[in-house]
Structure formats: C-alpha cells, structure tokens
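The following pair of complexes shares a single chain, subunit A, combined with subunit B in the former and subunit C in the latter.
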Partner chain A sequence: MINAQLEIILIACITAICCSIPGVLLVLRRMTLLGDAISHSVLLGIIIGFFIVNTIDSPILVLSAGIVGLLTVVLVEILAGTKLIKIDAAIGVIYPFLFSVAVILISLFSVQVHVDTDAVLMGELAFAPLNRLEINGVDYGAMSAYQIGGVMLLNIILCFIFYKELKLAIFDPNYAATSGFKPKTVLYGMMLMVSITVVVAFEVAGSIMVVALLVGPAIMASYFTKRLWAMFFLAPIAGVIATLLGYWASHLLTVSIAGSITTTIGLLFMFIFIFAPKTGMIAKAYQRHTMRAEFSVNMLLVHLWQHEVIGDAREENMKGTISTHFNWNGEFTELVLNSAIVRGFLQVSDDNTVQLLPEGREQACRAMEG
Partner chain B sequence: MSNNKSTPPQGGASDNRAATPMEHLQRLDVAIHVEDLTVSFDNTPVLWDIDMEIPKGVIMAVIGPNGAGKTTMLKSILGLTKPNAGQIFIFGKPAEKQRRLIAYVPQKASVDWDFPISVLDMVLMGTYSNVGWILRPSKASKQRAIDALKQVGMLAFKDKQIGALSGGQKQRIFIARALVQEADIFLMDEPFQGVDLATERAIVEILHDLKERGKTVAVVHHDLQTVREYFNWVFMINVRRIAVGPVNKVFTEENLRLTYGGKSGFVERS
Partner chain C sequence: MFDIDFSYTLFIVAGGAALLGAISGIIGSLAMLKKNSLLADAVSHASLPGIVLAFMLTGSRTHSVLIIGAAIAGCFAASNMFLLVKKGHLKKDSSLSLMLSMYFGLGMVLLSYIQYKPNTAPAGIETFLFGQAATMLVSDIQVIAVIGGIILFLLIVFWKELLLVAFDSEYAAGTGLPVTKLELLFLFMLVGSVIIGLQTVGVVLMSALLVTPAAAARQWTNNIVVMMLLASFFGALSGVIGSVASSFIPNLPTGPAIIVCISLIALLSFFLAPCRGIIPNYLRRKNKLIYADAHAVLDTLYILAGQDGGEKGHERAHIRSMFPIKNDVDAMLAELKEKGLATEISPAHWSITPLGRSVAERSGHIIDMSGKALHD
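And then the complex of A and B:
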C-alpha cells in the first residue's frame, strides 16, 4: 500500500469523525434534510468567496460558504415560521434555488473553479492528497487532512464545552429559555457548526457522502445506546468502520471511493436495522413473539383458575374447549400448554382435562395484579 | 439616611395617602402582577387586556375553555410569547430579570420523549439555571435531583430512558425537574392531563407541600369538580379576565357561566 492510499484512508476517516459528531445533533433535532440542503447551497458561498478573493484556496471561502449555509437555515426557519408552508417544503424550495444561482454565476462568469457536477456530488477523495501542506519546502502531508482535522477538533471541543447547552436547547428549547440559556443562539451556533463542517468536508467528500456521514453514523449509534454522551462516541466509531469497509470495497472493485463509502453506510445501516440486538427488526419480532407466548400462558392460567373457582372446570378446562375458547389453532395450543407444563404451572391428565398446579394459581394471581 | 436630601419621607403613621401604582407593584407579597396584557396571533386576540395578580403562597387554578389563552398566559409570564402590550412584574420587579425564580412544567407533548437521556439526566436539567453556562452540575446538584426523584416516587426509574415511562410517570419527572430548580414560583401546564388517580393525588400532595414552604403555584386545570378540593385561589379566563381571587369567593356559578358561556354543564355544589 502506498503512502497516498494511507493518506486517503486517513482523510476519509477524519471526515467521517468530523461529520458524525454534528450529525448526532442534527438527527436529534430532526433536521437531517437541512444537512442535505446546506451541502448544496454552500456552493453559492464558495463562488461568492471566490469573487471576493479571486482564489480557490482561501479560508475566506470557508467562511463565506459557512455563512451561506447558515443563511439557508435562517431562510428555511423564517419560511417555516410563517406557518404558511411546511418545513420540508421550505427546505425543498430554498436550497435548489441557492444552488442554481451558484451554477448560473459559474457559467455567466466562466469561473475557473474545478466545480463540476461529479465533483459536487461525489467529491474527489482520490485527489485529496494532491494538495500538500509545504512549509519551507518541507512536506507536512495533505492539506485537506489538516483542514478537516481542524474542523473535527473544533467540533469535538465545541460539543464538549457546550454539551449541556446543546442537550437542553435541542430537547426542550422553551425550558432552556426559561432557565436563562439562549436556545436560539445555541441552535444557530450548532447550525453554523454544521455549515462549516459541510463546507470543509464537501470539498473532499462531495455532498452525497457528507449527507451520508452526517446522518448514517448517528442513526446507527441510536440502535445501540439510549444515552446522548454514548452517541457522541459510537457515531464516530460507526462512521470510521463504514469508511474503512467502504474504502476496502472500492479498492477491490476499483470504483469511486466516496461512492463506495456512501453505499457501505447504507448497507451497514440496513444490516444494523435488521440485526441489532434488542432494537433491530429481528430482535423486536422475537420480543413480540415471546411476549405473545408469555401473555397467552398467563391468559390460559387465569382462565383455568376462573373456572376452578366457579366450579365448572370439568366441562371448561378440556384441551379441546381451550383451543375453541381462545381461537387458537391446535399447534399454538400445544405450544402454550407445553410451555406452561414445563414451568410447572399445570398438568394434563389422561382424559385431556387440564389441571392447575399451585404454582399456576400463584402465577395467575400475579398476572392479574399486573 | 439624613444626609440623602432627595429621599422622600418614608412610611410612618402620619402617611395616610394611598399607595401609588409603583409602590403597589413593589409589594413583596405579590408574586406575579400582570398589567394590561394583550397577546394576539395574526390579529386574533388570545389575551385581551388582562389585569391580575397572584399573591405569594397561593395554589391557584387557571381555568377556562379551550382556546381561552391559559397556556399563552403562562408563556407570557415566562417570556416565551411576545405580548403586543402589557407589563409583567415578578415580586415587584420587571419579569425579564426575575425569570429564574420561576419553574415551568410544560405540557407533556412539548418534548421529544425518544431523546436519548435518562430520567436522572432530565431531572438534572432543573439544576442548569443555577449551574449557568458551560459548567457541569455538581455532586450536590445530583443529590438534589435524586431527592426530587424520591419525592415524586420515581427513584427506581432513574436510569431508564425517558421514553420508557408511562404518562403519569412522565408528568412526575417533569415536576421533579421543576422541584430541583429551587424556584419560588411554579407554573404548571396541565399536570393532571392523562395521569391516573394515584399520580394525581401524588401531584396534589406535592403542590400542598410547596404551599407549606411558602411557594406560589399556578396550575392550568381542567377538572372543575376538583378545583375546590385542590386549590385555594382561582383565575378564570376566557380571552378576557373573568375573575381572580380566593376559590370560595370567586368560583361561583355566575363566573363559571361567564367563563364557559353557559356550556360548562357544571352545577355548583355548595
């Protein structure tokens, strides 16, 4: 493996960590679509920045793009705030507009920016190491690693310092306001953080991968923890795992790196969605099944007990009557009976009468008490 | 005092003049004073020229039909809604500077219960206003949160994710969060909404405990049958102020008719 490849992997992993941290906040605020919007509208900011400084490698571009990203958020919130239009529609109207204005500006002034459709959508991860950080002729590595690394550190530090404020402002903005915190300021600050992250990440990874990295790892983390602080650890880990797997796949198949990583995020999500312990689809189905079986056992015990008390157990507590009574098929009746027999709740005598044992009576009482 | 010549003569037996409005506002036995409060959404008045005050130490029911402006009233006091006109004073000072003295219990539906925090985390949020920016809650704050959970009978649930709770339990931890805030005034928006009888009794007990400790409580309430039993003060509102005062004086059939437009179906028992 050559150095350039290692550098690409490193840059991709840093990008994954960098995006997944604000992604957690975005997912919890239920504003993932805004990540999508920002990742497109920042193009306008980049072009405006380019008009100001006439070069593509200036920090001014990051700033101007960040501001346009924030402007997107403000415009969306103003539109949605009028209650005349829903937030998803507001997003859908604003960002194609800002993005297209940028496209028109590019073609009108034939700006020599290496911005073409492919680059915007899928980024140029493979070319990321080409731009070097050189000081006095010494090569310190890829420029983008430093840029994204810097934003990653900023995100980590900001989320650490303002952890409490972010948590409160997202969870209960009204309560935050009455507690003397300024939820609007905190939330706009958070969106500025998202904007800057997207701008810097988008240059190497492209908008689709950035959106996938913002949303995917955070969602995956939510399948494994119900604690915010843990999500801040698990989401970057999920992002890095997806990135490594995706890079490996792109190497095997010799396809676009960003495309491969983004696909892997989707596949990994589906895998977790289905197989996650406790919260995955299969685990949930299993829980429903066992709960139904457990409930059925209790229902049967209560039924038997009831008839014992009434005194018509002879007629009612027969195997056949039970299945017609509960509308169970023979197979399910056997299953429930067996489960109850194994647990010592009842016994079935030779004439097919079902008799409660003391244990079963106790369990019936417990079930009725809830 | 004698060298400050601009100070007007203070109090004294000889001072028989009536209190000026400003002096009246500064009385410390008035927890909340609302003057000429008007709030509208898109030119539809929600609150029309409300004047009222809540004396310190009462438990007050805020009653009125749907859309009467009960929640808007609380939100205006809290500064969450911008009024078109009017002034609000808390313990004699403009509300803006005094909001930390208020603990707010919002409606259950106002937050996202899937949010990844534990019951203890949520109750700890009540200490944030005293902790301030950036700093983390101290050990003492955590102890207060645990004590509050104990008080509402929810200590056993402290490590559960908040979404795993039932409606009544959610209401209990909302109240626990307000309790740890060490506020002087409690504003609660429908704390009895969708809770079982046991929880309702527990909440009432907490309200009376707060009253014992000299706190002031205002509760948006819907069950007219229990107003007499739970509260000693009542504020009847339907966009305009209908009546405010001690329950045994103002909670009358006449005022109920004015509040609910004769549709309350409530026959006063006396």
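And then the complex of A and C:
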C-alpha cells in the first residue's frame, strides 16, 4: 500500500490533469465562467441524488450531479438565447439560484445529510484517500483516484478523437457549420465533458479549486503557445507543477491543501504573466522600447537624408536642431544618436554637425521602402 | 415579551435586507449595462482573504472591522482584474475566474491557518460564506446605510460621466473624460455594494443580489433610471420576503431564501414583462401572423372584386383554393367579418365591404391589373 501522503499527491495531480484538458477548451471558447457556474450548481445534483438513494457515496449522485451540471448550461443557453439578457448576466442569474436551492435543501434536511457547505467550496483533499476500492478484501487504493483517473482517460481519448471537430467548433463555429460539422452539438458535448469532470473533481477538490484547475493551467499554457495541441500538452504540465508546489507549501505551512494549490496556481500565473518570454509584461515592455528606438533611428536617418538631398544639411543637420524638430528631449536625442553611431549609420563631428555615412543612407532607403 | 423581542429582531433584519437589496439593485443595473455582471461575483469571492486577514490582525469579530478588510481585498482584486484585462492578453472571463479562485484560495489558506492554531477559533467568520442575517444589529444597518449613502452620493455626483462611460466608453474617451479613472471609481463603488451584503447573503451568493434584480428590472423598461428604481424595489422586496420567510421557517437560511425569491421575480419578469417578456412576445408574434394572414385574404377579396365587381360575392371554396398551404381561411374570413372588413352576402359567398376596400388600398400590398401599386 502506498502511504497516504503520496496518495493525496497522486490524486491531486490526476485531478489537475483531468481538469486542465477541458479547461483549455473553456478558456479558448471564453466560457470559463460556465465552468464556475457548473462547479457551484452540481451541489444541487448531489443533494437530489442523495434524496433518491439516501446514501452519500453512490454513482447515482455523480449521475444526478452531471445532469444538473448540464442543465445549468442548457438553462444559461436558453436564457441567453432569448436575448433578454447577456450571457454573463444569465450565468449570474442561474447558478446562484440553483446553488441557493441546494443550500436551502441542505439546511432544511440537515439532520439526515452530513454535507458540510464549507467543504463544498473548499473540498477536503486530505480525506480523499479514506474511501478505498476493495475487491475481495484486497485494497487496490483510493476510490477517487480511479474515478478521476477514469474521467481523465476519457477526456484525453475524447480530445484525441474529436480534435478536429473541437478545433473547428472553438475557433470558427460558422465555418464549422457550413462545412457540415455541427458546432452546437460539439459544444454541448464539450459542456457534458466539463460537467462530468467538474462533478468527479468537485468531490475531492471543492468548487473553488476546480475552477482554478480548469482556468489556471490553460491560461498559463496560452502564454507559451498558440497551437491547440501544444496547449493540450502544456496545460496539464502546468497544472501538475502548480499542484506539486501547492501541496509542498501546504505541508510546510500546515494549511488547507486545496486553498494552497489554488493560491499557487494564481501566483504561478502572476509569475508567468510578468516574466514569460515574448508574451510576458517585461518582454512586451522591452519589445515596445526597442521598437520605439528602432523607429526613431529610422526616422532620424530619413530626416538627415532628406536635408542632404535638398542641400541645407549644413544648417539643419545639427544636434540642437534635431532635438527641436523631432520634439525629443536632449537625453532621448543622445540615445538615438548613440544607437545610430554604434550601428555605423552616422557620425557626429566636433562642431556638432551630424553626417550620414553610406550605411545610414542605405538604411534610410530601406526604411522608406518599408 | 418574547413576542416583542422577536418582531423587533425581524424588523431589524428585514429592514437591513431591504436596504441592502435597494442599494445593490441600483449598482447592479449599472454593472449590467457595462456587461460587468459577473465582476461582482469575483469581487465578493475575493473579499474572503480580507475578512480573515482583518480578523487575524485585529482579533476582532466586529462587523465593521471585518468589512474594512473585505473592502481592501475587494479593491485589490478588482484593480488586479482591471490590470490583467488591460495589460495581458487575457480575456475578461478568464481573468475573472482566475482572480476569483486565487483570492478565495488565499482566503481558504488563511482560514485553515487560524483554524489549526489553538485559542483563535474563528467562529463567526465562516458565516460570511453563506451569510447569517439573524445576527444583524442596528449598528450593522448603520454601516450598510453609511456605505450605501456614500455609493449613492458618488453615483449622483458622477451620474452623467458614469452613464456615458457605461453606454459608450469610446465616445466618452473621445470627449476627454478620464475613462480609466471613472471605470476604477465604478469598480470601487461595486466593491462597496458587495461588502455591505456579505454578512447577510454571504460571499458566494452576494453577486446574485447585484445581477438578478437588474436582470429582472431590465425586462420592464428601456429607461435606466426606471430600471434602477425597479431593480432596487425588487431587491428590497425580496430582502423583506426572504428574511421574513427565514424567520418563520426554522433552519431556512436567509441569504439563499433572498436569492431564491429574487430569482423567482426574475423568472416572472422574463415570462410576463409586457414589452420584452417571452409570453407577451409570443402572443404579439402570433397576433401579427394572424393579422398578416387575414390581410392576405382581404387582399384576395379585393382583387376578386376588382375582376367582376363582387356584387354576388365569391365562393368560399374559390377563395380557399387561392391559399393552397393555409387551411384556416374560414377563420380568417370570420376575423375579417368581425372587424367589418368583409361580409357573407349569401351562404358560403363572401364579399369585401367598403371599409375593407379602403383598408386594403391603404395597406399598399395591392397591385392593380396594370401592375402599378395603388398606394406607395
């Protein structure tokens, strides 16, 4: 038997992979808030399932929760389809309603049900290995690992088989419809997948961590690639990294595992948001800076060349006149001039006149041609 | 004695809930216009770490202390989201979901941290998750009233600017308004209206109190002021009904009761509202179809009358044969008769009346035999 801690880590990692795959679809389709809505409203399904079978660990509960999850999507689509309110408002109306009904049912019948409303939000990863899969008295490991693992495999297989359909339905539903695919059906299938994923993950992770696992890894992956298949690979990796870091932090600080993993996902995202190559905040600021410098150098070269051609270079091509003509401050003028001198485009003589070199003329010519 | 005390508590709770509903109805309407309905969801979830942190730092469980923490965390989260959407290549929904879960996760971490520590039982903080209106005091109502008053004051002072940014932010930017600052101001107003509801309806459901009354009110009017007043009326009404219901039914939590109540109001509005509602719309469409069909029959009668004068009338079978795909020509004829546009001259023979003739001519559908429209 594996020890309990390792088992918790394993379950958390499987959950991360399981959620991050449909999460990619949600993020790209801009429907992450529907994932949020489902993760809250499945509670109603669990309660209804409980009323039917009167036990808390039965596959019927997963089924009824899945149905309510899908019902949430259908209701939101119908309400948004009437054009009475926008889709975000429709989400904001539907899921709190279903969630309230669930909370009321729990409170009114709390004597029989031992569903803790706090645990619904926060999950209890620490208790996940308690429910064992035993066949003929042999312990095969935690039940939830098999459940979530099964859904994970299902998600991977579905995304693999329907890759083309999903891609079309996500990026260009109209084109998909005209070429004979049914984007609406694909979308509903996708939401069914999200529903099932949320339901099984919700039991161990709680609704907030499920939302984080759906959205976070996919967003992080989107900072490194624009390809769908690459996102399908990167998102689970990001999810697992965040899960491991988060578990480690929770162990170190003895705090809630789900909370710690969720926070870690957020922090990891912040890190990527700032430091990612090419798409991060710093990289973008640097790109803007270099582009501005490059543009300014080109502008300066064309300006100097122009005056050479007209023949008033002696008066116009002075350091002082350049900064007044371009409305640059002295510092920036120095910067641009230096950058041009280093690249061998021009030279500044002792009397502060600026002279183009042949290379500079060539560069100005190139800049004019665009 | 018990009786008086009971009703006094109820009065306080219902009054607080009504005040809360009224304020959130107004701010929610504005949020809805900006298509920012779910921002409230993220902000309310994000306030949890602020509440817990305020408790950890001060050790106080006083409502006003905790909601100051909530306000600070909410403002942080809101500006954070604002920054992410402006600077990153993130879509609004992703950034909302991410911030929502990240801040709430942080709150969970902090909450579990104080739970595991001895001697600092955080009782009372968990009630912020789902709200607990029953513990509301007069001082809490005062807090709601003061913050609500500030929000309304800001709304009135910046009314024109906020409205312009909400309806057409590009035009507002074009006229030189500081759009970013106004958007941030609105965000902070939204945070304010979220935090005053946390004690009553809780972190999870507070957003519904902002979104749903506005969604319901939107169906009844196209005027923003009317919409705001109506939303705040709906909000107040469900606040009262929810809190009264929960005081009479044991174990019924107030927050969810209020939300169910406002959701039902919204549902009724979606179906019944006169100009946009589903049922009136359906009836109008149906009436329009009947109207269009009846006029097609009238036009036919007119043309037939133009061919032979129409003194003897026209056989019903003949008229019916001109509408091969419609089988309710009889009903249409009856409808026309009722309006005095056609008469049944002899059994099964119909003719157009002078009134019907003028109506048909005015409709402009009729093409006379030379192919020219009679009326254009």
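One rule holds in what follows: the second predicted complex is superposed on the first by the 363 of 370 C-alpha atoms of A that agree within 3 Å, B and C clash if a C-alpha of one lies under 4 Å from a C-alpha of the other, contacts with A are read in each partner's own complex, and residues count from 1 in each chain.
Throughout what follows, a contact is a pair of C-beta atoms (placed from the backbone, for glycine too) under 8 Å apart; a residue touches a chain by one contact, two chains touch by 3 or more.
Just so it is clear, the structure is predicted and the values come from calculations on it, not from any experiment.
A.B. asks: Is A:172 touching the first partner subunit B, the second partner subunit C, both, or neither of them?
C.D. replies: first
A.B. asks: Would you sort A:107 into first (subunit B), second (subunit C), both or neither based on which partner it touches?
C.D. replies: second
A.B. asks: Looking only at contacts as defined up top, I'd like to know whether subunit B or subunit C touches more of subunit A.
C.D. replies: C
A.B. asks: With the two structures laid over each other on chain A, which partner does A:266 touch: subunit B (first), subunit C (second), both, or neither?
C.D. replies: A:266 sits against subunit C, while subunit B stays out of touch.
A.B. asks: Would you please give the residues of subunit A that touch subunit B in one complex and also touch subunit C in the other complex?
C.D. replies: In subunit A, residues 30, 222 are touched by subunit B and also by subunit C.
A.B. asks: Which residues of subunit A touch subunit B once you look at their complex with the stated criterion?
C.D. replies: 28, 30, 161-162, 164-165, 167-168, 170-172, 174-175, 177-181, 222, 225-228, 230-231
A.B. asks: Show which residues of subunit B lie in contact with subunit A when the two form their complex.
C.D. replies: For subunit B paired with subunit A, touching residues are 75, 78-80, 99-100, 102, 104, 106, 110-112, 115-118, 121-122, 125, 128-129, 131-134, 136-137, 161, 163, 177, 181.
A.B. asks: Where on subunit C does subunit A make contact in their complex?
C.D. replies: 32, 35-38, 40-41, 45, 84, 87-91, 93-94, 96-113, 116, 126, 129-130, 204-205, 207-208, 210-212, 214-215, 218-219, 249, 251-253, 255-257, 259-260, 263, 266, 270, 276, 278
A.B. asks: Which residues of subunit A touch subunit C in their complex?
C.D. replies: Listed in rising order, the residues are 27, 30-33, 35-36, 40, 79, 82, 84-86, 88-93, 96-97, 99-101, 103-104, 107-108, 110, 117-118, 121-122, 208-209, 211-212, 214-216, 218-219, 222, 250, 253-256, 258-263, 265-267, 269, 273, 279, 281.
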